[in-house]
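Here is the structure we will look at, set down as structure tokens.
Chain nomenclature is as follows: A, B, C and D, assigned in order of appearance, with residue numbering initiated at 1 for each chain independently.
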Amino acid sequence: MNINYPEPEEARAAIVDIGRRMYERGYVAANDGNISVRLSDNHILITPTGVSKGDLTPEMLLIVDSEGNIIKGTGRISSESPMHLCLYSYNPHIAAVVHAHPVAATAFAVARIPLDKAVYPESLVLLGDVPLAPYATPGTLEVPQSIAPFAKTHRALLLANHGVLAWGRDLREAWFRLDALENYAKIYMCSRFILNSAAELSVDEQNSILITAGEGDRVKSE
Amino acid sequence: MNINYPEPEEARAAIVDIGRRMYERGYVAANDGNISVRLSDNHILITPTGVSKGDLTPEMLLIVDSEGNIIKGTGRISSESPMHLCLYSYNPHIAAVVHAHPVAATAFAVARIPLDKAVYPESLVLLGDVPLAPYATPGTLEVPQSIAPFAKTHRALLLANHGVLAWGRDLREAWFRLDALENYAKIYMCSRFILNSAAELSVDEQNSILITAGEGDRVKSE
Amino acid sequence: MNINYPEPEEARAAIVDIGRRMYERGYVAANDGNISVRLSDNHILITPTGVSKGDLTPEMLLIVDSEGNIIKGTGRISSESPMHLCLYSYNPHIAAVVHAHPVAATAFAVARIPLDKAVYPESLVLLGDVPLAPYATPGTLEVPQSIAPFAKTHRALLLANHGVLAWGRDLREAWFRLDALENYAKIYMCSRFILNSAAELSVDEQNSILITAGEGDRVKSE
Amino acid sequence: MNINYPEPEEARAAIVDIGRRMYERGYVAANDGNISVRLSDNHILITPTGVSKGDLTPEMLLIVDSEGNIIKGTGRISSESPMHLCLYSYNPHIAAVVHAHPVAATAFAVARIPLDKAVYPESLVLLGDVPLAPYATPGTLEVPQSIAPFAKTHRALLLANHGVLAWGRDLREAWFRLDALENYAKIYMCSRFILNSAAELSVDEQNSILITAGEGDRVKSE
């Protein structure tokens, strides 16, 4: 395992900071969205339910074990926490997860259109394909089952009729992927569906991008 | 009655805070929008007319009785206050009301398209159907009459050619519903009208969502 | 004349504040836009050219006379100041003017579509019809000539292929009209051009709105 | 050479300030975008890779020579820095460069539609035509080759399937051009592609604008 787990106080401050950015960017409304960080092999720091992500304070956050039992904290755990725990369980390299409902990416999720067209190198390098996980009833175990197949092979997901999920080796990386995903979704929506044109890069062009960016292991074949 | 009325100073601070958020999110322009909180069975704290909701101060707010007579405060009462008083009168569980003109939801109100398509579980759980109240001349008693039928059965409304209205058991809940409504309106507009596709959930899927979320009493039949 | 001219220091502070709001709302980009306030029958306080309206300081502002001669201040006067001076000259009740390029209203100005459809009572009361002034080369005397016919009969204008102009009896009123105009332009664009439907109010309905709002003198006939 | 190079500390503060504005305006997402300022004939101050442009601090910035060798600083240089160095090398009057991915202008870049329609005098004067540089693999030397032809004749560029680039005689000018470009792209997208109408100015009208604005040397012929 090549993860350097963060100090709990540092992780708490980072979640508060990213929560505020998610609110300010308009990626969450009301009390929706959730954020988690892995503190050790068996401990996860996660946002409680019912709170605006723009108004978090460090002491609100919950420490849970890998089955979702609360180890520390007094808030209520979110019904969406199994989605986070599933990702940590299926891929030991994941150390942070964010879930949100940014307008453009969620619109693709509601339209059930995956974000996998190679029109924008920035998203190709930072995100790769963003597939669409099949619809699952929020708050049930169908949700972790629907996302598990993507935990090791992808970096972010659209959840059909639900929202988006991004993860990374630390919270900064998970946040960068969420932020890049929404910018890409907006650009692609404007280009393909308003300007009525989006030039797709060939497989050769995509491979040049990935190799140049040091991501040669993700090279594609036709 | 299961309402814990807030302390007046707390309610004043909460209205100032939510007013600022409404302005920052762009849910109000100029001096429009209004916010109220029930202080007791017969007293309502409400924003005055003519002021930007981003610039409220606690002492600007008016206390009125259930007929709209000013009990305390020197500002002018809004011609839209009967809309608030109507909701409090028809449903004793309502303790806060917000009225605003966020772009996407108000566009649906101008297009006279209710927001009642089940494409996004978050809105189904938090809001339920958001119907369209028939057009009524703003500032007249037609407006409370047009909204009264929805006071006990719904959580938020589109007002035809006018704007939106949301309410709750406290101001936080009313604000969350307003914020969720506008996010849902944006997502649905992008998905259905720009991406040209919005997958609707079946009645069975909707019922699973409501039961899982502990809202089984709102279960639908075909 | 029923104008209470503001104190110069108060007017300077108000322009700095509104400039910051215009920048934060995205109604101006780069160094564009300008703001003025009438200080006396023959003195106007106006923003200089070349500065972001989000970065104004009180001492940057220029005092000019009604012919545009600089009376006080060291900055360069904007080539758009004749537009402001024209409005003050044609209508003695105008005491503040704002010019900006907010996206939605300016898009209507570029499309040369006036904002005069009665779909939204808020704009009907606050703004009335917002006509389209014919195209004139920016920075020339054609511009004041193109707007003069509207100075006494309207409250805001679209300038063909150029931007928007709003005025009032004080800066707060001019700002409210600009803010309301852009919100209305966004709502109408979404409703009519994205949702493909905008219910227009009848002349009778419009008259009821105007009379209820105490604007009976603006009542329309078919 | 008529450039007054800024003091290094002043240039560092200016980059931090513009980085924050780029983040707040939503012109960059994740760690993307980059900003540079020329400090002397052979020294460039430039943002490092991997950092959000909203979180820059003065000491993060790198000083590089005209071949891109790091002279001072400990961060990693961006693979996009050759794009900046190319512009400085081809045009000695350029003293600042910004690269970003604002939604509307980047959507035109992905649609491969240049922003060269004369519908908005503000952009004509501040920017002139904004052409489309042909697609080049990001991070390779194809990129500087693709932009070099525009370094002396234009002020900003769309990079096909990539983003936008703007430059100026100081950072304020480069930023103003980026900000104006995105506002123009949004206005043109709304007008031409949502309102379905964008009135184009004739060559005579364009020339009147340029001459009035003191840009007579850019006058066009049919």
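Basically, a contact is a pair of C-beta atoms (placed from the backbone, for glycine too) under 8 Å apart; a residue touches a chain by one contact, two chains touch by 3 or more.
Keep in mind the model is a prediction, meaning the values are calculated, not measured.
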Hopping along touching chains only, can you work out the least number of steps from subunit A to subunit C? 2
The angle in degrees, nearest 5, through which subunit B must rotate for its Cα atoms to match subunit C is 90
When subunit C touches subunit D, do the two copies use mostly the same residue numbers, with over half shared, or different ones? different
How many Å are there between the centre of subunit A and the centre of subunit D, using C-alpha atoms for each centre? 30
Just how far, in Å, is the C-alpha centre of subunit D from the one of subunit B? 43
Subunit D touches at least 2 other chains through residues 194
By the document's touch rule, what are all the touching chain pairs in this structure? A-B, A-D, B-C, C-D
Which part of subunit A faces subunit D closely enough to touch in the complex? 25, 119-122, 125-126, 175-177, 179-180, 182-184, 186-188, 190-192, 194-199, 201, 205, 208-209, 212-213
Once bound in the complex, which stretches of subunit C touch subunit D? 26, 29-32, 52, 79, 101, 103-104, 106-108, 110-113, 135, 137-140, 160-163, 189, 193-194
